[in-house]
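A, B, C and D label the chains in the order they appear, each numbered from 1.
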(Lines give C-alpha, C1' and ligand atoms only; values in the text may rest on other atoms or scores of the structure.)
Protein backbone atom coordinates (compact mmCIF):
# COMPACT_ATOMS: atom_id res chain seq x y z
CA UNK A 1 0.00 0.00 0.00
CA UNK A 2 2.67 2.42 1.08
CA UNK A 3 4.94 1.22 -1.71
CA UNK A 4 2.13 1.78 -4.22
CA UNK A 5 1.54 5.36 -3.07
CA UNK A 6 5.26 6.14 -3.11
CA UNK A 7 5.54 4.67 -6.58
CA UNK A 8 2.55 6.72 -7.68
CA UNK A 9 4.09 9.91 -6.33
CA UNK A 10 7.44 9.24 -7.98
CA UNK A 11 5.76 8.33 -11.27
CA UNK A 12 3.67 11.50 -11.19
CA UNK A 13 6.76 13.60 -10.63
CA UNK A 14 8.48 11.65 -13.37
CA UNK A 15 5.66 12.49 -15.77
CA UNK A 16 5.90 16.17 -14.85
CA UNK A 17 9.67 16.14 -15.34
CA UNK A 18 9.33 14.31 -18.66
CA UNK A 19 6.95 17.03 -19.79
CA UNK A 20 9.43 19.71 -18.77
CA UNK A 21 12.33 18.03 -20.56
CA UNK A 22 10.23 17.32 -23.65
CA UNK A 23 9.08 20.91 -23.94
CA UNK A 24 12.50 22.44 -23.36
CA UNK A 25 14.38 23.70 -26.34
CA UNK A 26 18.04 24.47 -25.99
CA UNK A 27 18.71 28.17 -25.88
CA UNK A 28 20.63 29.79 -28.70
CA UNK A 29 21.58 32.97 -26.86
CA UNK A 30 21.71 34.18 -23.29
CA UNK A 31 18.99 36.27 -21.68
CA UNK A 32 19.13 40.06 -21.59
CA UNK A 33 20.17 40.09 -17.93
CA UNK A 34 22.98 37.63 -18.56
CA UNK A 35 24.14 39.59 -21.58
CA UNK A 36 24.28 42.69 -19.42
CA UNK A 37 26.31 40.86 -16.79
CA UNK A 38 28.65 39.35 -19.39
CA UNK A 39 29.30 42.78 -20.86
CA UNK A 40 29.51 44.75 -17.61
CA UNK A 41 31.53 42.55 -15.27
CA UNK A 42 34.79 42.70 -17.26
CA UNK A 43 34.44 46.40 -18.07
CA UNK A 44 33.05 47.80 -14.82
CA UNK A 45 34.56 45.46 -12.26
CA UNK A 46 37.66 44.35 -14.13
CA UNK A 47 37.10 40.71 -13.20
CA UNK A 48 37.52 38.11 -15.97
CA UNK A 49 35.47 35.52 -14.08
CA UNK A 50 31.89 36.68 -14.53
CA UNK A 51 30.43 34.31 -11.93
CA UNK A 52 32.74 35.62 -9.20
CA UNK A 53 31.92 39.19 -10.17
CA UNK A 54 28.21 38.50 -9.86
CA UNK A 55 28.60 36.63 -6.58
CA UNK A 56 30.85 39.10 -4.81
CA UNK A 57 29.66 42.45 -6.06
CA UNK A 58 26.24 42.43 -7.69
CA UNK A 59 24.86 39.85 -5.30
CA UNK A 60 27.11 40.75 -2.38
CA UNK A 61 24.26 40.87 0.10
CA UNK A 62 23.32 37.33 -0.86
CA UNK A 63 26.87 36.14 -0.27
CA UNK A 64 26.95 37.88 3.09
CA UNK A 65 23.72 36.08 4.03
CA UNK A 66 25.21 32.81 2.85
CA UNK A 67 28.22 33.28 5.10
CA UNK A 68 25.81 34.05 7.93
CA UNK A 69 23.99 30.78 7.21
CA UNK A 70 27.29 28.89 7.37
CA UNK A 71 28.09 30.59 10.66
CA UNK A 72 24.68 29.58 12.03
CA UNK A 73 25.30 25.99 10.91
CA UNK A 74 28.67 25.89 12.63
CA UNK A 75 27.09 27.24 15.79
CA UNK A 76 24.12 24.87 15.53
CA UNK A 77 26.27 21.79 14.97
CA UNK A 78 28.41 22.91 17.88
CA UNK A 79 25.35 23.15 20.10
CA UNK A 80 24.02 19.79 18.96
CA UNK A 81 27.27 17.82 19.15
CA UNK A 82 29.67 19.90 21.20
CA UNK A 83 28.81 18.82 24.71
CA UNK A 84 29.54 15.14 24.29
CA UNK A 85 32.99 14.91 22.78
CA UNK A 86 34.67 14.67 26.16
CA UNK A 87 32.64 11.60 27.17
CA UNK A 88 32.93 9.49 24.02
CA UNK A 89 36.53 10.29 23.21
CA UNK A 90 37.85 8.81 26.42
CA UNK A 91 35.79 5.63 26.14
CA UNK A 92 38.22 2.73 26.69
CA UNK A 93 38.35 -0.42 24.59
CA UNK A 94 37.01 1.27 21.49
CA UNK A 95 40.30 2.58 20.24
CA UNK A 96 39.98 2.98 16.45
CA UNK A 97 42.54 1.22 14.30
CA UNK A 98 45.39 3.44 13.35
CA UNK A 99 45.71 4.02 9.62
CA UNK A 100 48.77 2.42 8.11
CA UNK A 101 52.11 4.17 8.00
CA UNK A 102 51.91 4.62 4.25
CA UNK A 103 48.69 6.61 4.52
CA UNK A 104 50.17 8.83 7.22
CA UNK A 105 53.32 9.60 5.26
CA UNK A 106 51.40 10.09 2.03
CA UNK A 107 49.08 12.52 3.76
CA UNK A 108 52.06 14.47 5.05
CA UNK A 109 53.30 14.82 1.47
CA UNK A 110 49.91 15.66 0.01
CA UNK A 111 48.68 18.08 2.67
CA UNK A 112 50.92 21.05 1.76
CA UNK A 113 49.92 20.55 -1.86
CA UNK A 114 46.23 20.65 -0.96
CA UNK A 115 46.53 23.74 1.23
CA UNK A 116 48.61 25.46 -1.43
CA UNK A 117 46.02 24.60 -4.05
CA UNK A 118 43.30 25.97 -1.77
CA UNK A 119 45.16 29.24 -1.46
CA UNK A 120 45.65 29.28 -5.23
CA UNK A 121 41.95 28.77 -5.86
CA UNK A 122 41.06 31.53 -3.40
CA UNK A 123 43.52 34.02 -4.83
CA UNK A 124 42.59 33.26 -8.44
CA UNK A 125 38.89 33.65 -7.79
CA UNK A 126 38.57 36.64 -10.11
CA UNK A 127 40.84 35.24 -12.86
CA UNK A 128 40.03 31.57 -13.21
CA UNK A 129 37.52 29.02 -12.00
CA UNK A 130 37.36 29.42 -8.26
CA UNK A 131 36.61 31.88 -5.54
CA UNK A 132 36.18 32.12 -1.82
CA UNK A 133 33.67 29.35 -1.29
CA UNK A 134 35.41 26.84 -3.52
CA UNK A 135 38.84 27.54 -2.09
CA UNK A 136 37.48 27.35 1.44
CA UNK A 137 36.01 23.96 0.63
CA UNK A 138 39.39 22.77 -0.69
CA UNK A 139 41.11 23.95 2.49
CA UNK A 140 38.47 22.19 4.58
CA UNK A 141 38.99 18.98 2.61
CA UNK A 142 42.66 19.27 3.53
CA UNK A 143 41.57 19.39 7.16
CA UNK A 144 39.45 16.31 6.52
CA UNK A 145 42.49 14.47 5.13
CA UNK A 146 44.40 15.50 8.26
CA UNK A 147 41.72 13.89 10.40
CA UNK A 148 41.46 10.74 8.29
CA UNK A 149 45.16 10.05 8.07
CA UNK A 150 46.48 11.44 11.36
CA UNK A 151 43.63 10.94 13.84
CA UNK A 152 45.63 12.15 16.84
CA UNK A 153 45.70 15.77 15.71
CA UNK A 154 43.64 18.27 17.63
CA UNK A 155 42.15 21.35 16.07
CA UNK A 156 42.51 24.64 17.92
CA UNK A 157 38.88 25.72 17.99
CA UNK A 158 39.58 28.99 19.75
CA UNK A 159 42.04 30.13 17.12
CA UNK A 160 39.71 29.10 14.29
CA UNK A 161 36.81 30.91 15.94
CA UNK A 162 38.81 34.12 16.34
CA UNK A 163 40.05 33.92 12.72
CA UNK A 164 36.56 33.37 11.42
CA UNK A 165 35.07 36.22 13.44
CA UNK A 166 37.84 38.59 12.38
CA UNK A 167 37.33 37.71 8.73
CA UNK A 168 33.59 38.28 9.07
CA UNK A 169 34.08 41.65 10.77
CA UNK A 170 36.55 42.82 8.13
CA UNK A 171 34.16 41.64 5.41
CA UNK A 172 31.33 43.76 6.79
CA UNK A 173 33.81 46.60 7.32
CA UNK A 174 34.75 46.52 3.64
CA UNK A 175 31.07 46.59 2.82
CA UNK A 176 30.62 49.74 4.90
CA UNK A 177 33.72 51.29 3.30
CA UNK A 178 32.03 50.70 -0.03
CA UNK A 179 29.03 52.58 1.32
CA UNK A 180 31.26 55.52 2.22
CA UNK A 181 33.74 55.70 -0.67
CA UNK A 182 31.83 54.15 -3.56
CA UNK A 183 28.30 53.65 -4.78
CA UNK A 184 26.89 51.28 -2.18
CA UNK A 185 27.27 48.46 0.29
CA UNK A 186 29.94 45.93 -0.80
CA UNK A 187 30.84 47.94 -3.89
CA UNK A 188 34.27 46.78 -5.06
CA UNK A 189 35.37 50.13 -6.47
CA UNK A 190 37.03 51.29 -3.25
CA UNK A 191 40.36 50.04 -4.64
CA UNK A 192 41.71 50.89 -8.11
CA UNK A 193 40.76 48.47 -10.84
CA UNK A 194 44.31 47.85 -11.98
CA UNK A 195 45.31 46.08 -15.14
CA UNK A 196 42.77 43.63 -16.51
CA UNK A 197 43.69 40.00 -15.97
CA UNK A 198 46.51 40.38 -13.45
CA UNK A 199 46.56 39.05 -9.90
CA UNK A 200 46.22 42.47 -8.22
CA UNK A 201 43.25 43.86 -10.08
CA UNK A 202 39.46 44.07 -10.04
CA UNK A 203 39.22 46.45 -7.09
CA UNK A 204 38.28 44.87 -3.78
CA UNK A 205 37.18 41.54 -5.24
CA UNK A 206 40.40 39.64 -4.38
CA UNK A 207 40.34 41.01 -0.83
CA UNK A 208 36.73 39.96 -0.32
CA UNK A 209 37.48 36.62 -1.92
CA UNK A 210 40.39 35.99 0.43
CA UNK A 211 38.28 36.92 3.46
CA UNK A 212 35.50 34.63 2.29
CA UNK A 213 37.99 31.82 1.77
CA UNK A 214 39.45 32.19 5.26
CA UNK A 215 36.01 32.35 6.82
CA UNK A 216 34.52 29.42 4.90
CA UNK A 217 37.63 27.29 5.39
CA UNK A 218 37.60 27.88 9.16
CA UNK A 219 33.87 27.26 9.44
CA UNK A 220 33.90 24.06 7.41
CA UNK A 221 36.91 22.79 9.35
CA UNK A 222 35.07 23.35 12.62
CA UNK A 223 31.95 21.60 11.27
CA UNK A 224 33.96 18.60 10.04
CA UNK A 225 35.81 18.39 13.34
CA UNK A 226 32.53 18.32 15.25
CA UNK A 227 31.46 15.22 13.35
CA UNK A 228 34.58 13.30 14.34
CA UNK A 229 33.90 10.99 17.23
CA UNK B 1 55.44 17.76 -32.10
CA UNK B 2 51.71 17.30 -32.37
CA UNK B 3 52.18 13.78 -33.67
CA UNK B 4 54.31 12.88 -30.63
CA UNK B 5 51.65 14.32 -28.34
CA UNK B 6 48.84 12.44 -30.01
CA UNK B 7 50.76 9.17 -29.94
CA UNK B 8 51.35 9.65 -26.21
CA UNK B 9 47.66 10.40 -25.69
CA UNK B 10 46.74 7.30 -27.66
CA UNK B 11 49.08 5.13 -25.57
CA UNK B 12 47.60 6.58 -22.41
CA UNK B 13 44.08 5.95 -23.66
CA UNK B 14 45.06 2.36 -24.40
CA UNK B 15 46.25 1.94 -20.81
CA UNK B 16 43.04 3.48 -19.50
CA UNK B 17 41.12 1.04 -21.70
CA UNK B 18 43.10 -1.88 -20.31
CA UNK B 19 42.38 -0.59 -16.79
CA UNK B 20 38.68 -0.76 -17.54
CA UNK B 21 39.05 -4.19 -19.10
CA UNK B 22 41.00 -5.46 -16.10
CA UNK B 23 38.42 -4.05 -13.74
CA UNK B 24 35.75 -5.99 -15.56
CA UNK B 25 37.58 -9.26 -16.17
CA UNK B 26 39.78 -9.88 -13.12
CA UNK B 27 38.63 -12.70 -10.81
CA UNK B 28 38.62 -11.11 -7.34
CA UNK B 29 38.69 -7.76 -5.54
CA UNK B 30 42.43 -7.48 -4.98
CA UNK B 31 43.37 -8.14 -8.57
CA UNK B 32 40.73 -5.66 -9.65
CA UNK B 33 42.25 -3.04 -7.34
CA UNK B 34 45.72 -3.52 -8.76
CA UNK B 35 44.52 -3.59 -12.37
CA UNK B 36 42.34 -0.54 -11.96
CA UNK B 37 44.97 1.50 -10.13
CA UNK B 38 48.24 0.78 -11.88
CA UNK B 39 47.01 0.93 -15.44
CA UNK B 40 44.81 3.97 -14.88
CA UNK B 41 47.59 5.93 -13.14
CA UNK B 42 50.02 5.26 -15.97
CA UNK B 43 47.39 5.98 -18.61
CA UNK B 44 46.38 9.23 -16.96
CA UNK B 45 49.97 10.45 -16.74
CA UNK B 46 50.59 9.54 -20.37
CA UNK B 47 47.50 11.44 -21.51
CA UNK B 48 48.54 14.51 -19.51
CA UNK B 49 52.08 14.30 -20.92
CA UNK B 50 50.71 14.08 -24.44
CA UNK B 51 48.60 17.17 -23.87
CA UNK B 52 51.74 18.89 -22.58
CA UNK B 53 53.25 18.41 -26.04
CA UNK B 54 50.24 20.13 -27.58
CA UNK B 55 50.27 23.10 -25.22
CA UNK B 56 53.73 23.82 -23.79
CA UNK B 57 52.33 26.79 -21.85
CA UNK B 58 49.99 24.49 -19.88
CA UNK B 59 52.87 22.23 -18.88
CA UNK B 60 53.22 23.41 -15.29
CA UNK B 61 49.57 22.87 -14.39
CA UNK B 62 49.50 19.51 -16.17
CA UNK B 63 52.60 18.52 -14.21
CA UNK B 64 50.87 19.44 -10.96
CA UNK B 65 47.85 17.31 -11.90
CA UNK B 66 50.07 14.38 -12.86
CA UNK B 67 52.05 14.67 -9.62
CA UNK B 68 48.84 14.79 -7.64
CA UNK B 69 47.44 11.68 -9.33
CA UNK B 70 50.76 9.91 -8.89
CA UNK B 71 50.74 10.69 -5.16
CA UNK B 72 47.10 10.09 -4.29
CA UNK B 73 45.90 7.23 -6.46
CA UNK B 74 48.23 4.51 -5.08
CA UNK B 75 47.57 5.84 -1.58
CA UNK B 76 43.80 5.53 -1.81
CA UNK B 77 43.95 2.10 -3.39
CA UNK B 78 46.41 1.00 -0.71
CA UNK B 79 43.98 2.09 2.01
CA UNK B 80 41.17 0.39 0.13
CA UNK B 81 42.95 -2.93 -0.26
CA UNK B 82 43.95 -2.85 3.41
CA UNK B 83 40.30 -2.34 4.32
CA UNK B 84 39.32 -5.18 1.98
CA UNK B 85 41.87 -7.42 3.66
CA UNK B 86 40.71 -6.42 7.12
CA UNK B 87 37.12 -7.39 6.47
CA UNK B 88 38.17 -10.75 4.97
CA UNK B 89 37.09 -10.17 1.41
CA UNK B 90 37.31 -13.55 -0.34
CA UNK B 91 40.26 -14.08 -2.65
CA UNK B 92 40.42 -15.92 -5.93
CA UNK B 93 40.96 -19.69 -5.52
CA UNK B 94 44.25 -19.45 -7.36
CA UNK B 95 45.80 -17.13 -4.73
CA UNK B 96 49.01 -18.70 -3.41
CA UNK B 97 50.48 -16.28 -0.87
CA UNK B 98 48.85 -13.88 1.59
CA UNK B 99 51.83 -11.97 2.90
CA UNK B 100 49.87 -9.51 5.01
CA UNK B 101 48.08 -12.30 6.89
CA UNK B 102 51.40 -14.13 7.47
CA UNK B 103 52.99 -10.99 8.80
CA UNK B 104 50.09 -10.47 11.18
CA UNK B 105 50.45 -14.08 12.40
CA UNK B 106 54.15 -13.65 12.95
CA UNK B 107 53.54 -10.65 15.17
CA UNK B 108 51.32 -12.80 17.32
CA UNK B 109 47.99 -11.14 16.68
CA UNK B 110 45.50 -12.37 14.17
CA UNK B 111 44.29 -8.89 13.45
CA UNK B 112 46.69 -7.17 11.12
CA UNK B 113 47.06 -3.50 11.73
CA UNK C 1 24.83 15.12 -33.56
CA UNK C 2 22.39 13.42 -31.30
CA UNK C 3 20.48 15.03 -28.50
CA UNK C 4 21.20 18.58 -27.35
CA UNK C 5 23.53 18.84 -24.38
CA UNK C 6 21.03 20.58 -22.14
CA UNK C 7 18.44 17.84 -22.74
CA UNK C 8 20.94 15.19 -21.68
CA UNK C 9 21.89 17.19 -18.60
CA UNK C 10 18.27 17.79 -17.62
CA UNK C 11 17.39 14.12 -18.07
CA UNK C 12 20.29 13.10 -15.84
CA UNK C 13 19.36 15.68 -13.23
CA UNK C 14 15.70 14.74 -13.14
CA UNK C 15 16.57 11.04 -12.93
CA UNK C 16 18.77 11.82 -9.92
CA UNK C 17 15.89 13.78 -8.40
CA UNK C 18 13.53 10.82 -8.87
CA UNK C 19 16.04 8.37 -7.37
CA UNK C 20 16.52 10.66 -4.39
CA UNK C 21 12.77 11.04 -3.97
CA UNK C 22 12.32 7.28 -4.04
CA UNK C 23 15.02 6.93 -1.39
CA UNK C 24 13.41 9.54 0.82
CA UNK C 25 9.98 7.94 0.55
CA UNK C 26 10.87 4.28 0.86
CA UNK C 27 13.78 3.97 3.29
CA UNK C 28 13.34 3.81 7.05
CA UNK C 29 16.95 4.53 7.94
CA UNK C 30 17.69 8.18 8.61
CA UNK C 31 21.12 8.06 6.99
CA UNK C 32 19.64 6.67 3.80
CA UNK C 33 17.04 9.42 3.82
CA UNK C 34 19.82 11.99 4.14
CA UNK C 35 21.65 10.38 1.20
CA UNK C 36 18.39 10.56 -0.78
CA UNK C 37 18.19 14.24 0.06
CA UNK C 38 21.72 14.70 -1.20
CA UNK C 39 20.83 13.02 -4.50
CA UNK C 40 17.75 15.22 -4.80
CA UNK C 41 19.87 18.31 -4.21
CA UNK C 42 22.54 17.33 -6.71
CA UNK C 43 19.96 16.54 -9.37
CA UNK C 44 18.38 19.95 -8.97
CA UNK C 45 21.80 21.60 -9.27
CA UNK C 46 22.39 19.79 -12.54
CA UNK C 47 18.99 20.89 -13.84
CA UNK C 48 19.68 24.50 -12.87
CA UNK C 49 23.03 24.51 -14.63
CA UNK C 50 21.44 22.88 -17.68
CA UNK C 51 18.94 25.71 -18.03
CA UNK C 52 21.84 28.14 -18.45
CA UNK C 53 23.51 26.26 -21.27
CA UNK C 54 23.45 27.77 -24.73
CA UNK C 55 24.40 25.89 -27.87
CA UNK C 56 28.17 25.71 -28.19
CA UNK C 57 28.69 27.74 -25.05
CA UNK C 58 31.83 27.77 -22.95
CA UNK C 59 32.70 28.83 -19.40
CA UNK C 60 32.07 32.54 -18.71
CA UNK C 61 35.69 33.24 -17.83
CA UNK C 62 37.50 35.72 -20.03
CA UNK C 63 41.06 34.81 -20.96
CA UNK C 64 43.10 34.41 -24.12
CA UNK C 65 40.64 31.84 -25.50
CA UNK C 66 37.56 34.00 -24.96
CA UNK C 67 37.86 37.70 -25.65
CA UNK C 68 35.71 40.44 -24.13
CA UNK C 69 33.88 41.00 -27.42
CA UNK C 70 32.98 37.33 -27.80
CA UNK C 71 31.76 36.99 -24.22
CA UNK C 72 28.17 37.95 -24.90
CA UNK C 73 27.79 35.48 -27.76
CA UNK C 74 29.87 32.47 -26.78
CA UNK C 75 29.68 32.20 -22.99
CA UNK C 76 26.93 30.35 -21.14
CA UNK C 77 24.48 32.14 -18.88
CA UNK C 78 26.36 33.00 -15.65
CA UNK C 79 23.27 33.66 -13.53
CA UNK C 80 22.27 29.99 -12.94
CA UNK C 81 25.90 29.17 -12.13
CA UNK C 82 26.00 31.89 -9.49
CA UNK C 83 22.71 30.62 -8.08
CA UNK C 84 24.03 27.06 -7.95
CA UNK C 85 27.04 28.16 -5.88
CA UNK C 86 24.58 29.53 -3.35
CA UNK C 87 22.43 26.41 -3.56
CA UNK C 88 25.40 24.11 -2.96
CA UNK C 89 26.34 25.99 0.20
CA UNK C 90 22.78 25.93 1.50
CA UNK C 91 22.42 22.23 0.67
CA UNK C 92 25.65 21.50 2.51
CA UNK C 93 24.39 23.43 5.53
CA UNK C 94 21.08 21.57 5.62
CA UNK C 95 22.87 18.22 5.28
CA UNK C 96 25.24 19.08 8.12
CA UNK C 97 22.35 20.00 10.41
CA UNK C 98 20.45 16.83 9.47
CA UNK C 99 23.50 14.66 10.20
CA UNK C 100 23.95 16.35 13.57
CA UNK C 101 20.32 15.62 14.40
CA UNK C 102 20.78 12.02 13.26
CA UNK C 103 23.72 11.62 15.64
CA UNK C 104 21.66 13.05 18.48
CA UNK C 105 18.76 10.72 17.67
CA UNK C 106 21.13 7.76 17.62
CA UNK C 107 22.47 8.78 21.02
CA UNK C 108 19.02 9.08 22.49
CA UNK C 109 17.28 6.06 20.92
CA UNK C 110 20.20 3.75 20.00
CA UNK C 111 18.66 3.27 16.57
CA UNK C 112 18.58 5.11 13.27
CA UNK C 113 15.14 3.98 12.15
CA UNK C 114 12.50 6.65 11.85
CA UNK C 115 9.98 4.13 13.22
CA UNK C 116 11.48 4.81 16.63
CA UNK C 117 10.31 8.42 16.47
CA UNK C 118 6.71 7.92 17.48
CA UNK C 119 5.74 10.79 19.72
CA UNK C 120 6.02 13.54 17.15
CA UNK C 121 3.27 12.12 14.97
CA UNK C 122 0.01 13.98 15.01
CA UNK D 1 46.71 12.17 -38.62
CA UNK D 2 47.05 13.65 -35.15
CA UNK D 3 43.33 14.38 -34.98
CA UNK D 4 42.47 10.83 -35.99
CA UNK D 5 44.71 9.45 -33.24
CA UNK D 6 42.94 11.69 -30.73
CA UNK D 7 39.59 10.38 -31.92
CA UNK D 8 40.72 6.78 -31.45
CA UNK D 9 41.93 7.75 -27.98
CA UNK D 10 38.50 9.19 -27.23
CA UNK D 11 36.81 5.94 -28.29
CA UNK D 12 39.18 3.91 -26.10
CA UNK D 13 38.47 6.15 -23.09
CA UNK D 14 34.75 5.80 -23.77
CA UNK D 15 35.04 2.03 -23.58
CA UNK D 16 37.08 2.29 -20.38
CA UNK D 17 34.22 4.28 -18.85
CA UNK D 18 31.67 1.73 -20.09
CA UNK D 19 33.63 -1.12 -18.46
CA UNK D 20 33.98 0.86 -15.22
CA UNK D 21 30.25 1.53 -15.09
CA UNK D 22 29.58 -2.16 -15.76
CA UNK D 23 31.77 -3.11 -12.79
CA UNK D 24 30.01 -0.43 -10.74
CA UNK D 25 26.63 -2.00 -11.52
CA UNK D 26 27.48 -5.69 -11.16
CA UNK D 27 30.24 -5.42 -8.54
CA UNK D 28 29.68 -8.08 -5.90
CA UNK D 29 31.10 -6.34 -2.83
CA UNK D 30 31.13 -2.71 -1.78
CA UNK D 31 34.90 -2.61 -2.27
CA UNK D 32 34.46 -3.53 -5.94
CA UNK D 33 32.13 -0.61 -6.44
CA UNK D 34 34.51 1.81 -4.70
CA UNK D 35 37.36 0.59 -6.91
CA UNK D 36 35.19 1.21 -9.95
CA UNK D 37 34.43 4.75 -8.75
CA UNK D 38 38.12 5.39 -8.14
CA UNK D 39 39.09 4.18 -11.61
CA UNK D 40 36.27 6.19 -13.19
CA UNK D 41 37.56 9.33 -11.50
CA UNK D 42 41.06 8.88 -12.84
CA UNK D 43 39.68 8.23 -16.32
CA UNK D 44 37.53 11.34 -15.94
CA UNK D 45 40.58 13.44 -15.08
CA UNK D 46 42.15 12.37 -18.37
CA UNK D 47 38.87 13.04 -20.15
CA UNK D 48 38.53 16.53 -18.65
CA UNK D 49 42.09 17.33 -19.69
CA UNK D 50 41.32 16.09 -23.19
CA UNK D 51 38.16 18.20 -23.28
CA UNK D 52 40.17 21.22 -22.15
CA UNK D 53 42.45 20.64 -25.11
CA UNK D 54 39.57 20.19 -27.55
CA UNK D 55 37.77 23.35 -26.44
CA UNK D 56 41.00 25.27 -25.97
CA UNK D 57 40.19 26.45 -22.41
CA UNK D 58 42.97 26.38 -19.86
CA UNK D 59 40.63 26.91 -16.91
CA UNK D 60 39.15 23.41 -17.10
CA UNK D 61 42.39 21.86 -15.82
CA UNK D 62 41.61 23.23 -12.35
CA UNK D 63 38.37 21.27 -12.40
CA UNK D 64 40.29 18.03 -13.01
CA UNK D 65 42.53 18.74 -10.03
CA UNK D 66 39.59 19.40 -7.69
CA UNK D 67 37.90 16.27 -8.99
CA UNK D 68 40.92 14.12 -8.20
CA UNK D 69 41.24 15.66 -4.74
CA UNK D 70 37.62 14.98 -3.81
CA UNK D 71 37.71 11.40 -5.09
CA UNK D 72 40.90 10.70 -3.15
CA UNK D 73 39.35 11.94 0.07
CA UNK D 74 36.11 10.05 -0.54
CA UNK D 75 37.94 6.76 -1.14
CA UNK D 76 40.06 7.25 1.99
CA UNK D 77 36.96 7.98 4.06
CA UNK D 78 35.07 4.98 2.67
CA UNK D 79 38.08 2.72 3.29
CA UNK D 80 38.24 3.91 6.87
CA UNK D 81 34.50 3.36 7.27
CA UNK D 82 34.62 -0.15 5.80
CA UNK D 83 37.64 -1.10 7.88
CA UNK D 84 35.65 -0.96 11.09
CA UNK D 85 33.60 -3.84 9.77
CA UNK D 86 29.88 -4.37 9.80
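The criterion applied here is as follows: contacts are C-beta pairs under 8 Å (C-beta built on N, C-alpha and C of every residue); 3 or more make two chains touch, one makes a residue touch a chain.
Because the structure is a prediction, the values reported are computed rather than measured.
A.B. asks: So which has more C-beta pairs touching, C-D or B-D?
C.D. replies: Most contacts of the two pairs: B-D.
A.B. asks: Could you grab the centroid distance between subunit B and subunit D? Build each centroid from C-alpha atoms only and quote it in angstrom.
C.D. replies: Distance between chain centres, rounded to whole Å: 12 Å.
A.B. asks: How many angstrom lie between the centres of subunit C and subunit D, each centre taken as the mean Cα position?
C.D. replies: 20
A.B. asks: For subunit A and subunit C, what's the span in angstrom between their mean Cα positions?
C.D. replies: 16
A.B. asks: Just curious, how far off is subunit C from subunit B if you go by their C-alpha centres, in Å?
C.D. replies: So the centroids are 30 Å from each other.
A.B. asks: Provide the list of subunit D residues touching at least two other chains, using ranges where the numbers run on.
C.D. replies: 58-60, 62, 65, 69, 72, 76, 80, 83 - these are the residues of subunit D that touch more than one other chain.
A.B. asks: Listing for subunit B: what residues touch at least two other chains?
C.D. replies: In subunit B, the residues touching two or more other chains are 68, 72, 75, 79, 82, 86.
A.B. asks: Going by the contact rule already set, what residues in subunit C reach two or more other chains?
C.D. replies: Within subunit C, residues 59, 61, 63 contact more than one other chain.
A.B. asks: Among line, ring, star, complete and other, which one matches the pattern of chain touches?
C.D. replies: Topology of touching chains reads as other, fitting no named class.
A.B. asks: Within the complex, which stretch of subunit A touches subunit B?
C.D. replies: 97-100, 102-103, 106-107, 109-110, 113
A.B. asks: Quick check on the complex: what are the subunit B residues that touch subunit D?
C.D. replies: Touch list, subunit B to subunit D: 2-3, 5-7, 9-10, 12-14, 16-17, 19-21, 23-24, 29, 32-33, 36-37, 40-41, 43-44, 47-48, 51, 54-55, 58, 61-62, 64-65, 68-69, 72-73, 75-77, 79-80, 82-84, 86-87, 89.
A.B. asks: If you look only at subunit C, which of its residues touch subunit A in the complex?
C.D. replies: 4-7, 10-11, 14, 17-18, 21-22, 25-26, 51-55, 59-63, 68, 71-73, 75-79, 81-82, 85-86, 88-90, 93, 96-97, 99-101, 103-104, 107
A.B. asks: Could you please specify the touching residues of subunit A with respect to subunit C in the complex?
C.D. replies: Per the touch definition, subunit A meets subunit C at residues 3, 6, 9-10, 13-14, 17-18, 20-21, 24, 26-31, 33-35, 37-39, 42-43, 48-51, 54-55, 59, 62-63, 66, 69-70, 72-73, 76-77, 80-81, 84, 127-129, 131, 133-134, 197, 223, 226-227, 229.
A.B. asks: Would you tell me which residues of subunit C are touching subunit D in their complex?
C.D. replies: 58-59, 61, 63-66
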